[in-house]
Structures are given as C-alpha cells and as structure tokens.
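Order as written gives the chain letters A, B, C, D and E; numbering starts at 1 within each chain.
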Amino acid sequence: MDTSLVQQAIDNVNFAAIMPALILCVVGMAALLIGVFSKRGRTFHISLICLFGLVAAGVATVGGWNQPYQFGFSGHVALDNFARFFNMTFIIGSILTILMSDDYLKREGYPISEYYPLILFTTAGAMLMASGTDMMTIFLGLEVLSVSLYVLAGLFRNQVRSNEAGLKYFLLGAFSTGFLLYGIALIYGVTGTTNLTDIGNYFIYHPALLTNPMTIAGMLLLSVGFLFKIGAAPFHMWAPDVYQGAPTPITAFMSAGPKAAAFAAFLRILLLALGGLENDWTSLLWVLAVATMTIGNVIAISQTDIKRMLAYSSISHAGYALVGIVAANEIGISGIMFYMLAYTFMNLGAFAVLTLAGKKGENNLTLDGFAGFGFKQPFLGVAMTIFLFSLMGLPPTAGFAGKFYIFAGAVKAGYLWLAVIGVLNSAVSLYYYLRVMVYMYFRDPNEEFEWVALKTGAVISIILAIIGVLYLGILPGGVMEMAKLGLF
Amino acid sequence: MITVYHYMAVSAILFSLGTFGVLTRKNAIVIFMCIELMLNSVNLTFIALSRHLGSMDGQVFVFFIMTVAAAEAAVGLALMISFYRNRESIDVDDINLLKW
Amino acid sequence: MELLELLFFYLVAFVAVLSGVLVVSCKSPVHSALALVNTFFCLAVFYVMLSAPFMAAIQVMVYAGAIMVLILFVIMLLNLGADAHRKYTHGVVWGAICGILTLLVTGFFVKRGSITGMQGDVTTELIQGFGHTELIGKALFTDFLLPFEITSILLLVAIVGAVILAKKEV
Amino acid sequence: MYDKLWLIPFFPLVGSIINGLLGKKIKNEKVIGGISTVAIALSFVVSCKYFFQLLGDTDKTHESIVASWMSVGSLQVDWGFLLDPLSALMIMVVTGVGSLIHLYSIGYMHGEEGFYRFFSYLNLFCFSMLMLVLGNNALVMFVGWEGVGLCSYLLIGYYFEKKSAGDAAKKAFVVNRIGDFGFLLGLFLLFWTLGSKGVWTIQFTEIAANAHLLESGGVIVTIITLCFFLGACGKSAQIPLFTWLPDAMEGPTPVSALIHAATMVTAGVYMIGRMCGLFAMAPTTMMVVATVGAATALFAATIGLAQNDIKRVLAYSTVSQLGYMFLAMGVGAFSAGIFHLMTHAFFKACLFLGSGSVIHGMHHGYHHAHLHDDPQDMRNMGGLRKKMPITFITFLVSTIAISGIPLFSGFFSKDEILWWSFGSNRGHWSLWLLGAIAAGMTAFYMFRLVFMTFYGEQRTDARAKDHIPESPLTITIPLMVLGVLAVIGGYVGVPAILGGANHIHHYFEPVFGEAIKLNNISAHGSHATEYALMAISVGIAVFGIFLAWTMYVKNPALPGQFVAKFTGLHRVIFNKWYVDEIYDALFVNPTKRLGTFLWRGIDVRVVDGIVNGVGKLVNVGSMLLRYTQTGYVHNYAFMMVVGMLFIVGFYILR
Amino acid sequence: MTEHLLSLLTFLPLVGMIVVLFLPRDNGPLLKGCTLVVTLIVFLASLPLAFNDVFKTSAEMQYVEFVKWINIGDYFQMNYFVGIDGISLWLVMLTTFIMPIAVLSTWNAVDKNIKGFMALSLMLETAMLGAFISLDLFLFYIFWELMLIPMYFMIGIWGGKNRIYAAVKFFIYTAVGSLLMLVAIIYIYYHAVQSGINIDGFSILDFYNMSMEPELQTLLFLAFALSFAIKVPMFPVHTWLADAHTEAPTAGSVILAAILLKMGTYGYVRFAIPLFPEATQQFLPYLALLAVIGIIYGALVAMMQEDVKKLVAYSSVSHLGFVMLGIFALNIQGLAGGMLQMINHGISTGALFLIVGFIYERRHTRAIADFGGLAKVMPVFATVFMIITFSSIGLPGTNGFVGEFLILMGAFASELRWFAVFATTGVIFAAVYMLWMFQRVMFGKVTNPANEKLDDLSMREMALMLPLLLFVFWIGIYPNVFLEKMNPSLENLIKQSTSKQHVAVVEVEQPSLLTLNK
C-alpha cells in the first residue's frame, strides 16, 4: 500500500506543469537567503537575481509555447497556452516593476531586500491562479498573491498612507475571501468536487442543478471574490485607496499582474466549471461591466492626485475587460488576454514615469505638480503621453488594439449596446487623461519645478513599455494570434 | 437525524454574524476576528458537505483554509502593529487618510 | 440516541452562535477573542460529530491555539483593553439589516439547495477503519500535493511579510 | 469670321492686369491712363469691326466658343461668346462710352492717390461688362454680371478711407447679391425645367430655341422670369432694390457715369432683352416688370425733385430712366427699351461727366481757397454757365434730351416707350400715365438742376468763386462727343409716324421678333392717338421745364415758400421716402439681431451650453460619486455586502 | 516605384518626423527648413498622381497596395489596403499642397518648441494622407484617430489664450463621434462575415457590395454620420470649430480648415453614402436640412463676430454646409460641386487663415475693432485679401463660384430643391459678412496709431499666397482639369448609392462560440 501510494504521488508530479512558478519560487527563496547575508540596504544584486529568475521563468514559459498541455498534480494545474500567455503577462509586469523599483525604494528610504522575492512569490501565485484547474489551487494561488500584496502594499511601514493601504487591502481582502470560500463551498456541495473540469462535466450530466439556488448562489459568491480582486463595482472601493497609498511600483504591479491573474482564474472557472450558467453570469457581468467602467471613469474626472486618478482609470479598464467576459466568445476571451498584456505595458509604463517624477514622499504627484512637466522632462513627457494615449485607447497604441479586440468580441456576440456604452465611457475617460497632458504641456511650470534625474532601471522599463505599447499597437497581429491560440 | 442542512444552517448563522461584526465593529482586530468567524463558518460547511458527500476534498480544503487563515493572521496582525505604531490606534475609523 | 444527538447538536449550535454573538458584541477585544475561542471549540465539537477528528484537532490547535493566541498577544501588545471608554461599534442598524438579509439569503439557498454532488468513496466505515488522519494525509500527499506545497510558499511569504512589516527599523 | 470675339473683352483685361500689377511701378499717370484708354479703344475698334460686319451679314447670330469651362454630367458650360444685334449694340455702347470715359478720367482723376488702381478697376469693369453682354450662356453672363458688381464695389469704395464710401460699396454689392440670388434661382429652375424636358442647356440660343417646351404663361415660366427679374432689379436698381444706386455716387464721377448710368445698371434691361423669349411667355411677369418699371420711374423722379447734391439728382434720374426701360420691356417694347438704353447711355453719361466737370471745377475753386465746402451741393453753385461754357452747353443739350424734347435723342426713345405702354396689348393706360407724369417730373428736376447750377447768382463762397475754371480737354472732348451723340443718337429710331424708318426696330428684329410674334405682342392704335399721346407727353415735359424756370430762375424765392407750405411732404421726399430707414428697420437690423441671437443665444448658450453642460454634469456626478469613496473600511465592506446581497438576492429570488 | 507611391507619400513625412526629432532643438531655421523640404518633396512626389490621366476614364482604385497586416483567422483581418480614385485624388493633392504652405507660414509665427511643432506637423500629414488613401475601414480609423493627437497638441501648446478649453473640446468632441463609428465598423465587419460574402479584411470595396437590411443601415449610418458630421462640422455639432480655429496657431488653423474638415465630408462620400445607400436616402432630407441650417446659421453668426478668426471659422460652417448640401444632392453636379468646394474651401479658407495670421503676427490681436484702414498701409496685402475674400464669397471667375454653383445646381436638380432655394440665400449672407469684415478691417481711416506702420507682405508671405491665388483663379476659370478626373468616380458612386439591390438577409442564428466544455 505504501509503495503504491508513493508511486501514485510520484506519478502525479509533473514539474513541467509548474515550471515557471517553480523557477520563481526557487529563485525567490535563493534571493531571500542571499538577502539575509547581504549588507543592509544593498538590494541591487537581489533585484538582478530576481530579474534573472523572471527571465528564466519567461524562457520556460515561451519555450513551452504551443507545446502540448502539461497537466499534473492530479488535475490541479494545466500549463496550457492560456496559462502561458498570462504567465508572460505576469512576467513582463514583474520585470517592469522590478526595473523601476530599485532606485525608487532607495529614494523613499526602504531598501528592503525581501521586496523582490515577494514580487516573485506574487508572480508565482498569479501563475498558479492562471494555470490552476482546481478551485483549491486557484484559491491558494490567490492567497499567495494576496498575502504578498498585503505586505507589499504596506511595505513602507513608517508611512501612514502605506500602512493604511496595506491594512485596508488586508481587511477587505480577507472579507472578500470569506465570500469566495463560501461560494466555493456551495459549488462543492452541489457537485461534490473542486476540480473545474469535473464540475463542468457534472453540470453537463445534471443540467437540472444549473437552476438550483445553491449553484447560482455559489457562482455569485465566488464571483464576488474575484470581482473584488479585479476591482469591479461595487467591490472596487478598496482599489483607489490601496493604489494611492501603496508604493508606486507596487501600485503599478497590482493593477496589472494580480488583476490579470484574477481575470485568468475567473475566466477558467466561469468557462470550464460554470459554462452552463453562461446566461446568468453574462447578464450579471453586463451590468457590472457598465457600472465599473462608468464609476471608474466618472470619479477619475475629479481627481487631482495622478496616482489616484490612475487607480480609478484602472477600475474602468477592469470594466472594459469585463466586456470581454460578457461577450463570452472566443474573440472576447482572447481579447481579455490581449488587453491584459496591453494594459500591463501601458499602465506600468505610466507608473514608471510616476516613480521617476515623484520626489520623496510623492506629494508632488498631483496635476499641479505636473504643470510644464512635458517640456522640462521631454523624455518622460513623451513617454507619459504615449501611455496616456494608450490608456485612452487611441491608435496606434496597444490600448486601442486591446479595446478593439474586446469590443469586437462584444459586437460579434451581439452586445452592441455594451460596446456603445464602452466607447462612450472611453470618451469620458478622454477628459481626465487629456487633462494630465494639459498640465504637462499646456501649463507653465511651477516656480519650484526641479529636474528629476532619470534612473537607468526605470528608464529601461519605460522604454520597454513604450516598445510594447507601440508594437502591440502597430503590429498587434502576432500577439493577437497568440491570444487566439491561448484559448483552452 | 442531524442532516447536513443543520450544519449549514449553523454555518449560515455564523457567517451572517461575522458579516454583521465586520460591518459594525470599529476595532480592526475584532473585525479580523469576525472575518475568522466567517471563515470558520465556511469551514463548517465544507466539513459538513465533505461528510455528506463522502469525499475528502472538503476537509482538505478546510485544512488549507486554516493555513491561509494563519498566514493572513500573521500578516494582518503585523500590518496592524505597524499601523498602530504610526497612528496609536487600530480603530478603522482612523484609517481614513486615503479617501475621495 | 438520535434525539440525544440532535439535542446535543442544538446545544453546541446554541453555544456556538451565542459565542458568535458575543464575538461581535463584546466591548473588549479580549472578551471577543475569548468568545471566538469558544466558538472554535464548538466547531471542533461539530467536526468530531462529523467524524473528522483530525480536523477537530487542528481546529483546536491551529485556530484556538495558534491564531487566537497570536491575536490575543497582539491585543495585549497594543494594550487595546485600555481605551474601553470609546465607542466600539458604528452603523449597527445598517449592519444588522445587512446581517439579517445575509442570513435570509444564505438561509434561502441552504433551504432550497440540493446537495447532490457526486458521492465519494469515503464512508464512515473507511474512516473508522483506515483512520481519518491517514485519509487526510493520503489525500494531501497524493491528490493535493501541489496545494500543500503552495501553502509552504504561502507561509513563507507570511513569515517574511510579518517580519518586514513588524520590524521597527529598516 | 467671328472667332476673334474674345479679343473684345481681352484688351481691357490685359489693360487691367498690366495696370494692376505694374501700375504702382509705372507711376506716370499718362502712361497708366494711356494703357487703359488704348485697351478699351482697341476693344472699340474690334467692336466696330464686328458690328459693321454683322450689319452686313444675313445671318445675325454668331457664337464663338473659346474653351470648355465646366463639364459635369449633363451640365456643359463653355467660355463662349454670342454676337447678335443686341450684344453688338451693347458692345458698341460699352466700348464707345467706355473709351470716352477712360479718356475723361485721365483728366478727372489727375493727382489722385491710387490712380493706377482706378484705371485697373475701370478696365476690369469694361472686361466684365463685355463678358456680360457677350456671353453665350447664362453662366458667362453671370460672370460678367458679378464681375461688374465687383468692379462697382471696388470703384464705389475707391475712396475707401471715407466710411460712407465703404458702406456704399458694401451696400451696392450686397443688394446686387440679393438680385443675383434671384438670377441664380431662375437659372437653376430654368436649367432643371428644360432638363426635365430633355434639354440640358444654359445657352441662350438653345434656351430661346427650346422655350416652346415650357408652358406659355404657365407657373413655372412665370417663376423663372420673376426670379430673373429679381436679378435685374438688383442690378438695375429697381424697386425694391434701388437704394444702393444713389449711395453709389460715393464713387468718382467717371465711375458714376460709366457704371451707374451708362452700362452696368442697364445690364438688367439687357438681360431681359436676352431672355425675351421667356419673358414674352409670361404675361404676369411682364405685367410685374412693367408695373415695377413705371413705379420706379415715378418714385425715383419724386425723390429727384428735392435733392441738392448734383450727383444724387442724376442718380435718381438714372433710377427713373431705368424704370422707363423696364416699363418698355414689360409692355413688350423690347427694342424700344434697348433703344432708350442706348440714348440714355449717351445723355446720362454726358450729364454725369458734365456734373463731374462742374464738381472738378468747384473742387478746384475750393481747393484754391482752402475751403472744405461740399463741391457737389447745388446750393453752392449757380451762374456757372459763364465759367464753364463747354460743360454748360453739353449739359444743357443732354438735359433737353433726357427731358424728351423733340428732335433730341431722348424724345424718340421715351416716346416709343410711352406709346407702347399705352398701345401694347401688354400695356395699360395707367402705365402710360405714370410714365408721362414721371417724364414731367424728369423735365422739372433736370432743369432745376441746370438752373441751379448754371443760372442765376453764383452762390459759391466768395473766396472760391473766381477760381472755378473750365475743365481741361481730356474732360471736355468726351463731353462734346457725348453731347453730339445725345442729340443725334435718337435718329436711328425715328418712329414711322414721324416719317422715320425706325431702323432700330428692324435692327433688333432677329433678336426680339420671334418672341414678339410667338406671343402676339403688338401695339396698335390709331395714328391720331399716337400723335395725341406724343403731344401730351411733350406738353407735360415743357410744363415741367416751365415750372423749373419759374421756380429757380424767375422767382427763386418760390421753392422756399413751397417747402414751407408742404413741410411734411418735402421732408419725406427729401429723405427719399425713408426707404433706407425702413429697410434698416425691416431687414438689416433684424438680421443683425438674429445673428447676435444665434451667436450669443443659440451657439454660446444652447449648443455650447449643452456641450459644456454635459461636461459639467459629468463633473458634478464625479464630485458626488467621489464622496462615496469615504475612506472608511466599513463603508467599503458595507458596499460589498450590499452588492453581494443585491446580486445574490436578485438571482436566486428571480 | 509607382506601385508604392502612396505609401511613400504617406510615410515620408513620418520619416521626416523622425529626422526632425534628431535635429538640435535650438536650431529653428534648420528644423523649419527640414520640415519644409520634406513637405515639398512629398508635394513633388504627389504630382504624378495629379497628372495621371487614368482618372479621366476609370472609376477604379488606382495605385492600389495590398499588404496583409493583422490576420487572426476567423476573428478578424485587417490589411494595409490603400488606393485612390478620382475622389480621394484631389484631397491627397490638397493635403500635399497645403502642407508646405502651412509649414512656411510658421516661419515667424512659431518660436517656441519649434521641434515639437514641426514633428507634429509631419505626423499630421502622415495621418491625413493615410486617412484619404485608406481602403480598409480599420486602417482608415487608425489614421482618422491619429489625426487628433497632433492637432490637439498644436492647439494646446501653440494656441491662444483660451487654448486649453479649445484643445480639449476639439479632442473630445471629435473623438466621441469617432468612437461610435468604431463600433459601427466592427459591426459591419461581422455582419459581412455573417452574411457570407467574400470579404478581404475591412475592405470597403467589399463592404460596398454587401446588402444590409434598412433598419441596420439606419443605426450604422447614424454612427458614421455623427462622426463625420462632427468633423465637418455640421450644425449643431459645430461649436468645437469656432474655438479650435480661433485658438489654434495659424498653421494649425490652416491645416484644420483646409484638410481636417474635409475628412468629414470625404467620410460621407467614401463611406457613409455608398455603404448605407438606403439609410442615406432615409436621412437625406434631415441632413440636407442641417446643411442648409448650417449655411445660413454659420453665415449669420459669422456676421456678428468681433474676432476675425472666429468669423472665418463660422464662415467655414457655412461653406461646409454647401459642401454637404452638394453631396446629398446625390447627383453628379452636386457631388462634383461638393468635391470641388472641398478643395476650394481648403484654398480660400486656408488663405483667409493665413491672412489673419499675417495681421496677427503684426499686431497680436484679432479683434476687428483693433483694425481699420489697413488698405492704405498695406496695399499688396489688401489686394490679396480682397481676392481671397471674393473667392470666399464665391465671385464668378474665382474657385468659390464654380463649387457653389455646381452644388446649388445639383441640389436644385435633385429632390432637395427647396433646400437649394434657402441655401442660395447663403450667397447673400456670405457677401454680407465677408464684406463687412473686410470693410471694417481694411477700409476707413487708420484710427489706431499701432496700425500706422505695418509692413506690407514680405516675400515669404507672398510666396505663401501666390500658389493659393493661382488656384483661386485656375479653379475659377478652368475647373475641368479637376472635374474631369473626379467625374468617373463620382458617377460610379451615384450608381452605387442608387442601384444597389437589397435582399433581406436571412437571420443566421449565431452559433455559440463557447464550445469549450459543452
């Protein structure tokens, strides 16, 4: 009995299926150890190690592209193209984050070596979410990600805003976890399993269960949990505060990677496990998508703090991405994948500019603080402009291609009005994005404007982001094709 | 006969109590405890269901939930401590610097 | 026997709910914490009744033992018992409405729900024969190996996080 | 044969371009003036050649296409010229009178700033006018039509530093544009109507040939012709669009003579003549034309009675005489109308140039005495016949001609018109009556002008009165030539009952004959009637002269008494029946107010208000929604629970 | 070479922009010179298009280039598909012709951030040319939106006092419309896919042949029409224009008026009408009504303006109203007139903005009341101004007349007869507001001492105006050069918009694409 058990366990192990996450975890732990033995305040080499880890994970991901699916661990993970695509998104997000972080942390006075491993663990958690095919894996991946993010958000422990961000995120995140778990429990009760494929199959054979209040309630409570992570209304309210209070690179990271991870997991659950409830969740998400993008865009208009404004903009982008889920067709889903990648580039790029533009304490990241910025710092100005245009969704940028992709899905699925509302929302969003540019270029700088030095890491991340934004904007074909192949 | 519904009813009551507590209490630690209460109610559901369905998955899930709760408790309490150091309070009404 | 069991169930359930009420209503966090411990114990009893003794054990050990001790420790560390004169609740009415509604909603789907999931092979006999702990262990190291490993990362993150957050200096 | 017609407008165009581009460099007035005068004179020579060639030709209609202009689908427009008796006469008048006035201008405009500009414009005007009369289709005519409007604008605004000049120029152009509006509408309607009958054309010859496709006397042809008539009204200063012409006297006097007396203002008459085939088919329109013409003749004459500005009197006289021409066209006397056009060109040009000569002299005198009195006010003149004899004689001759005294040109043409207005089957005795009264008034105010200017005491300021010279030769030669023409010009159209052959009538036969014949237009009546009418009109004219003599020579105090007695009437007439004021109140000011309202009210308040309002609304919504983000965790948690309750509640209770 | 001529034209400015970006930022003349050279090269390179006689006979797309661009299987395909016919030919020419003039006009006017301005100008040229030559709706949309960016910055950075409001208004106003168009574009594509016709990406040539049920056409047409109407701009969505024109720098105004506004009218001709012929018929009276309101309204509002530039801006509303009326006449005269009037408006109004720029550079004011009597001080300027004024009024012999005449003629020959009657009153109002402005600026005595010593036009300024004047008369006197090359395409367009047979498409039940686990 013992041997067979061991054999069974060994048979189930398939490292290939978790390779990218594995690499990140190993490198993360190594970096932690090295950090312990490094001189306090020296973090650069740690960041390099972590970058290396990310690149390695990237190689592992890309190397497996279009290879057969890797299942493993008793159906707990599946490294398919869907996961690989999202993994690339996470890796890119993390790389850009780490690049912009080092000088930022030093400037703000928190050269914490554990920071980088935590980012790696977060990324690993995100990867597990994206490739998890069991509620349990997804939940644990989510928790790894969340717990790391609680820590990262509250990283600046002597800064009240950072504390507050971390604490708020923690309290609300834990609260939402309660709903998520309750939802999972109910689904488990109805189907007797937590494996997504099994759940889906079970519903196929027992279609009567699809109208059971417990099933629906389970689906909805589960959605609440994910919608919270995505930042969809009315579960979005943590986002602006946390984004504003968290360290800027973390804000950037949070709004890209974890959000994409939540989308990935949400998509998998909805499509694999709850595909039978399509009518229910599309109608729900229809409303929530509209609410999310409207609230995000409308409130962003009256913001003066750029970080907070981008936080609201991030909410509205989540709303656009939800449109893809509502469409619930191939184009919409590939669209979300593409959009998340595009959003990673443009949003991280914008935040990278902010990390450079800010001064210690970051009290100057307001619209007024940006007056005349474009001419004083031409490079950052142009970069910010490109990112903002991309966020607006104007061609030829990634944002446009992404929006086009998603709205194409919605239109094809017949959600014409949703697409119309979406584009009208984009019109509203023009106003506040343009206002940043108004301040950057059309206003004279304040008296006390000081030139801020460009830091290599952040500049590299900005350049990478610009390349990404323009490449995805002008020649999106390849990546769009990849997103298409990424359907599971 | 004690059915699974009995357990689930208790669980539902505890869940609602937890929600109520989260909404009404001011002390962040108590809020956290209320969240723990909610998680525990979920645990109860899981185990009851697991027993009812005769599968181990639910219990394993509870196992992981407990781990997660522990991890969250560690991080959450650390966050509260560092917040307390700065604000001399863990009243959630004092967590109001970031708004609008 | 069954009736007795049922009565016992109601008793435990009553205590659990009462403790839960105390958790949310006690002014002092310490009292709340103690009430919560009480709830946990009640749940442990339930677990035993559900023939999950291992879960009951770790419920007591991890929850009541570790987590609640940690919480109590922090309460004491921050000396939160001192500011008892302050108002400790807000929005009770709205909270109560929400709580009741939540109860209604959850009650509704519990009542209407059909727990008809696929039946597994774990029977009382198996538990008694093979042993609950063994079953859990088997599950963890075969089917749930990956989640189990993930929890290690999770705990690592939590430890590292707690350390860097609670450290006083950089 | 006729393929060099384009030369006629070409010379003035070249002259205009040369002067316009190089005039500033040339500086020498003689050269500039010379270029222009030679240019127009060359045109005159070419015109003469073609005119006589046409006289000897049996085929009376010749077209010459220079190039295609626009070719869009069924619309084919060419740059083409048409020479027939009508246009031949017109080019003779335009180039002939034009040449004289160019010559005159050399002297008159001596020393003016922008001398080259003046001649450039003048040449450009001649070019446009020749395009107008020579165009073989309505669009080329329209080019000229608007072109003369442009030149009129430029020349009226020649003294652009004077506000009144600028205003007058603008007014002239805008009022003309109102007419053009009619012209265009008529053209579109005509094009479309004929097109729907299968003939897509705007060529005059083809229009004339296909006019029969339209329903004679029908609504459509009436509307078409009324539209064209609106155009004619604008150009030829008929009621209700006459107000610009008196103001146009702000331009230099040669301009008044050429444009606002001899040529441009007669374009409307010419156009009706050109379209006679259509007009003849629309009796209602003809009626309107005749009535408007007669009314204008009388109305303008009444205003002319009381004006003191020498040029204004002439201007109203022009309006009045144009009214006659329209009366003629309206009653079907096409050839008589054109005949009057020609004679009027001679004597009115002479009168204007004469007045210019007087003004020139007065100006000289004032300039010498450093005075700034108005050199155009007749109350400052008097007794000039001795100072400027040539001017006086030519002026007098022309005045007699315009008054319709037998043996002078005006008599023949005017009498022909009056006879037709009475005797034509399209006429009416009341039209004749109006015309006759107007003729009497014309005689009165013209002689009032002569008497006030040349007779009696010299009322000029003592310091200036001895320094008023006769004008130089460049001025007097055109005067003399035109004076002679004013006398003899009428003999081409001596009516049959006076033993003449009425050459002009036969000359126009190829142009108007068919239209008249097809629509049965004829004037009949006994010779006795004709003689009687002639006598009455001459009598009225003589009475008018007598009255003028009584009031301004014999008894100069009389006008004052008269004015004192009829103060109200005089004021109304003196102020031109307040037509300008009425127009301002009725059209100009409401339009301005409407413009302001549309701008400040609609554009800024409503449209932009909505746009900005939506923006503001979103902003306000943003401010409000923003405060949902209270920063308190329990509020957020509350929202989450509420959201969860809504969602779950909705779906499971659904 | 010729087969890639259009791409060359379009992307040459972009290359130029990159070159400009690497030039030293302080060397103004070099930057300007380089930009000017690039635009001139583009103009010269575009001349073979204008001299190609194939347009006289063929309505086919010429110089077609087709490159696969984005190809996502059954999702969607976009191609780099460009080409021109007689309709776009002259707009391309207009663009390449106006750009050097606009650049030259900045010589003294733009003195800060020259590099940025020049780079944006070149980017704008690429975008505009791209929009005119695109035959793929998606590609068109990309260029269409791309135009906003440089213009936004031009207004916002180099504009007048109220520039921020104007720039933001311009951007949002125009973007709102185009976003709806984006949805419509996507919809058309999937409709085409569903109806089973053979399509090559978003190629409009394929969409032309697609039949749509009328209700669908209505919706899609409205989306397109709104977008284009804002760009034109038609009443009542014109208010961005006054602000944008007024605040933009001279070169910006010139480009905006001369080319950008044509995007809207071009959009109608190229997309809205042939794609949705039945909806066009349905909305024709309303759009024509708006066009006529625009004509009269624009004129009346222009009349009362106190700011020269604003006056010219509102006159654009009026003129573009004519263009729209001509287009909606949907007959050859009207369309030809409309197309010609687009060019005319580009030339005349462009020139007017240059003129306003000249006096603004000298006096730094645009208020009419600050001027007066300039004709005496600046005679050459007065002459040029006068010619352009009359061109704008539509005096025969100048370009304006030919266009207006054909438009009105066409409108009169169509069902829009009564609209044409009212539109013709615009002829009167045009004279009123232009001449009144001209009088107040140029005539009268010099009352303001600041106006006494103004320099007359310099050689550079004359060089700007002379080409424009040349075309004023050329088009006025011999428009056939232009007309004959657009006629075949226009006739083809009329055929498309009238003879298309519409068969009701059988509703195809959309198969659920989620075959993921079912």
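As a working rule, a residue touches a chain if its C-beta (ideal position, glycine included) is under 8 Å from a C-beta of that chain, and two chains touch if they have at least 3 such contacts.
These figures come from a predicted structure and were not determined experimentally.
Common neighbours of subunit A and subunit D, by the contact definition above: B, C, E.
Path length between subunit B and subunit E in the chain contact graph, taken as the least number of steps between touching chains: 2. Two chain pairs are in question, B-D and B-C; the one with more C-beta pairs in contact is B-C. Comparing chain C-alpha centroids with the centroid of the full set of protein C-alpha atoms picks out E as the closest. Of all chains, the one whose CA centroid is most distant from that of subunit A is D.
Taking the mean of C-alpha positions as each chain's centre, the chain lying farthest from the centre of subunit B is D.
Centroid to centroid, with C-alpha atoms defining each point, subunit A and subunit E lie 42 Å apart.
Averaging Cα coordinates per chain places subunit A and subunit C 31 Å apart.
Separating the centre of subunit C from that of subunit D, both taken as means of CA atoms, is a distance of 103 Å.
With touch defined as above, residues shared between interfaces to two or more other chains in subunit B number as follows: 4, 8, 15, 18-19, 22-24, 26, 28, 31-32, 49, 52-53, 55, 57, 60, 64, 68, 71-72, 75, 78-80, 82, 85, 92-93, 95, 97-99.
Multi-chain contact residues, meaning those touching two or more other chains, occur in subunit D at positions 626, 629, 631, 633-634, 637-638, 641-642, 644, 648, 652. Residue positions of subunit A touching 2 or more other chains, listed in rising order: 136, 140, 143, 147, 150-151, 154, 157, 166-168, 171, 175, 182, 186, 188-189, 192-193, 213, 216-217, 240-241, 431.
By the definition given earlier, chain contacts exist for A-B, A-C, A-D, A-E, B-C, B-D, C-D, D-E.
Note for the complex: subunit E touches subunit D at residues 169, 173, 236, 238-239, 242, 297, 300-301, 303-305, 331-333, 336-337, 373, 375-376, 379, 383, 386, 390, 395-397, 401-402, 405-406, 408-409, 412-413, 417, 420-421, 424-425, 427-428, 431-432, 435-436, 439, 442-445, 477-480, 483-484, 487, 491. On the subunit B side of its complex with subunit D, the touching residues are 19, 22-24, 26, 28, 31, 92-93, 95-100. Remark: subunit B residues 4, 8, 15, 18-19, 22, 28, 31-32, 35, 38-39, 41-42, 45-46, 49, 52-53, 55, 57-58, 60-61, 64-65, 68, 71-72, 75-76, 78-80, 82-83, 85-87, 92, 95, 97-99 touch subunit A in the complex.
By the touch rule above, subunit B contacts subunit C in their complex via residues 1-2, 4-10, 12-21, 23-27, 29-30, 32-34, 36-37, 40, 43-44, 47-57, 59-60, 62-64, 66-75, 77-82, 84-85, 90-91, 93. Those residues of subunit A whose C-beta lies close enough to touch subunit B in the complex are 135-136, 139-140, 143, 147, 150-151, 154, 157-161, 163-168, 170-171, 174-175, 177-178, 181-182, 184-186, 188-189, 192-194, 240-242, 244-245.
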